[in-house]
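Scrolling down, you'll hit the structures one after another.
In what follows, chain A forms one complex with chain B and a second complex with chain C.
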Partner chain A sequence: MNPYFLEYTIIGIAGLIFGAALERGRMCFVLATNNMFMARDTKILEGILWAFGISILAFGIIESLGIVPIQAAVEGVFPSGWYDLVGALLFGFGIGLCGACMSGLIFRAGSGFTQNWMQLFGILVGTIFFAFFIFPLTNFLYWILHTIPWLTIKPGLSDYIPHQWFGDAVWGPFVVALIFGVFFLGLGLYLTKRRFAKISKERGENYKEPVITWDMLKFKEAYSPRLGGLLFAVVAIIVFLVSYFTVHKAAYMGVTTPYGSFDAYILAPFINLFTTVGHYKASFLPKVSSNWFQIVPVAIPMTLLVITTFAGATATAILGGEFKWRVPKRKIMFLQNFIGGILTGVGARIALGCNIGTLWSGFLMFSWAGVLFLPTLVLGMYLALKFQQAIW
Partner chain B sequence: MAAVNMKKRKNHNWCGITFLACYGLFTIYASFFLSSLNKDKIIGKLSNEAIAGIKESFILWGIIMIIGAILLLIREYVLKSGQEEVKDTERGVSPHY
Partner chain C sequence: MAEEKNLEDVKPDETLDVLGETCPIPEAMAHKKLSKMKVGQVLEVYTDHAAAVENSFPSMLNKLNYPYCVTKTGPGEFTIKIKKTS
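Presenting the complex of A and B:
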């Protein structure tokens, strides 16, 4: 059997699970942040922390046991640097304006939220803008690959934290996973316990939340944060293992690069973005690069994963009786989401990924990308929240 | 109680089913352009084996999504079980609604 067929087919199933986990677990970084800042509700944040904790620990074990050799895992490790900070700030502000991160966008658009379709359109436009203007005019690739001391780290082994800390020790990934994983899991557990205690106090009885019930499995009830988090982690593990054992190239989760493929497919009858060379001459830069589309493959497994994730989210919304065509009361929100979408698209491209591809996968790669992306992402979302509170 | 809820909120499942079918059609549509888009690529060019496998998988998933949409259509309009579930989960899902 063609290994690529096998890889894409199984990853398609992972996409359906991912869509269900997103839609039923309401896994959205913006929603988690807004609920935390505005309502002091940490339920969704707990799910995200559980997802991070479980998946990081699992990746550490997989690499330390040699199920996926460290050499293979390292091939997919991104470079890290200043662009994570800059891109995450822009990305965070963009998703804050739209009220949905890249995972939230998929489940909301798939559940009938019209403004998130506008956000998606903005991201497609933003990606093209980055690809044909920002990327060649700033000679972006040069600044990513050229190592600037204290500002950038090269991809691969140079940006692999276990190698930096413990050299070639096989237990290195496990120890690093233990440090990051226990931090996220511990924080998730603490917030869960605190929420339970708060509800127990309000109700005057001992409150407990089941991890899984029949109604959750039948899509009648929203998933508990722990179930949502567990499914999130399972999807990342499936993608990682399947890609390695089929085409021998370990893949990490990512959502925004596939939108570049969508741009190319949509415009394919009119123009081939992959071969449209943008040789923009910029004399102040060391060399001239062509458009961004030329450095990404025509299809990556995540392209199919994103489509089946949309399908999974829509199907579970219908099965749960929650699908609704929702139009915002204020039509100006469409414009806000379009602008936010452009910022989201450009920010994600500058940071080489989004809250899934750079933040979550950054931690799963044990690179510095996730660590750098997180603080400015939160800052960007916070600024967007304050901005909206000021103007609306 | 269900009847009261149904009055409050219209069932838009037909729209979701259309979405699902559209995802399937888009996947099949995209599969037709894989070879031509890959043909003249300068960096990141995929092998012919990869393109063939990816194309077959795209078509398979496109068909699965369309079949899924047909099954949901039967559930909705033949079995009518979808119409019993009418819930509104807008609160807490988005700050903009």
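Presenting the complex of A and C:
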């Protein structure tokens, strides 16, 4: 069988599972943060921590056992640096304004929230704005690596923590995975136990939450954080293994680049309008013309994954009886989501990815990207929450 | 504070329509509105953000110790009645 066909088929199916996990598990980083800051509720956060913990441990085992050799795994490791902090702050504020992270918007838009379609439109506009007005016709990745290489760790092995700490030891990825994975899983487990204890106290009975029920399988009930987290992890593992065993380029989860691809599809007929200006044209045109948004091929499996994720989220919303076109009564929310979307798009481009591609996949790559992205992402979301509490 | 079904038939003093809006707007606006209401009054919130109904509203109202009642009024659409008690 054609390996490309096999890769696209399996990744397409993985996208459906991802969409179901997002929508049924309510897996949204903004929702998790807002609930934690506003109500000290950690249920959604627990799902994200489970997802991170399980997938990080799995990736460490896969690489240490050589199922995907380290040389292949580091091919996709991108550089980390100051721009992760800056991009994550803008991105965090943007998604906070929209009430949905880059992946959370998929299940909101898929459930019929029109304001999140406006957020998606803002992201597409922000990506174009970044590509043509902030960094006209040049490649941002090339710029940070060659024009201002300070405070930047080069891609590949240079930004691979197991290599930095343990050299070429095959057990390196497993040890690093153990450190990060146990941290996330331990925190998830602690928060789950604490939440159960709190509810038990309120209800005066021993509260427990099933991991899986028939109603969850029939999409009639929201997924437990542990089921949502497990499905998230399974999708990342499938994508990583399938891409390696079919086309021999191990791929990490990403959402931002496919959004850039959607832009490229929409603007393809007008490419000449955008490629005839700017002094970078002479030196970079061959690269730019292959892709305007960071030299990533337009037709990549991740683009299909995002499309089927939308389909999966919409399908489970319909099956769960929750799909409905929802138009906010206060039309100003469209403007807020458009502005938030622009910030989301620009921030994600600066950080070379979003809460999936840079944060989660950053940890899965065992690079510093995730560690750098996390604090300013949370700060950005917190500031957006405070801003909205003040104005509304 | 657990959900209180006896609030179902109580006539609300104030209403808040946040249909079509996602977090943190429904919870933040409800919280703000409640803070301006008098003790004993009831707020009725219309929302279709299921995740807020499942998680953030119960947690926030439990923290405030306000009794509340959730009624499903349509596909993914809910009415929450909240009584300000302190």
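The criterion applied here is as follows: the second predicted complex is superposed on the first by the 353 of 392 C-alpha atoms of A that agree within 3 Å, B and C clash if a C-alpha of one lies under 4 Å from a C-alpha of the other, contacts with A are read in each partner's own complex, and residues count from 1 in each chain.
Everything that follows uses one rule, which is that a residue touches a chain if its C-beta (ideal position, glycine included) is under 8 Å from a C-beta of that chain, and two chains touch if they have at least 3 such contacts.
Computed from a predicted model, the values in this text were never measured in an experiment.
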Contacts of A:203 with chain B and chain C, given as first, second, both or neither: second
Per-residue contact with chain A, leading partner among chain C and chain B: B
Which of chain B and chain C A:307 touches, first, second, both or neither: first
A:265 touches, of chain B and chain C: first, second, both or neither? first
Touched partner set for A:12, first chain B, second chain C, both or neither: first
Touched partner set for A:114, first chain B, second chain C, both or neither: second
Partner chain(s) touched by A:328 [first = chain B, second = chain C, both, neither]: both
First (chain B), second (chain C), both or neither touched by A:40: second
Which of chain B and chain C A:95 touches, first, second, both or neither: neither
Which superposed partner A:2 touches (first chain B, second chain C, both, neither): first
Chain B and chain C contact sites that coincide on chain A, given as residue numbers: 26, 31, 34-35, 38, 99-100, 108, 111, 113, 115, 222, 317, 321-324, 326, 328-329, 333
Chain B - residues contacting chain A, complex: 9-10, 12-13, 15-17, 19-20, 23-24, 26-27, 29-30, 33-34, 36-38, 40-46, 49-54, 56-58, 60-61, 64-65, 68, 72, 76, 82, 84-90, 92-97
Residue ranges of chain A touching chain B (in the complex, touch as defined): 2-9, 12, 26, 31, 34-35, 38, 99-100, 108, 110-113, 115, 220, 222, 247, 261, 264-265, 268, 272, 274-275, 277, 290, 294-299, 303-304, 307-308, 310-311, 314-315, 317-326, 328-329, 333
Chain C residues within the chain A interface of the complex: 1-2, 17-25, 27-29, 31-32, 48, 50-51, 54-56, 58-60, 62-63, 74-77
Chain C contact footprint on chain A (complex, rising order): 26, 28, 30-31, 34-35, 38-41, 43-44, 98-100, 108, 111, 113-116, 202-203, 222, 317, 321-324, 326-330, 333, 385, 388-389, 392
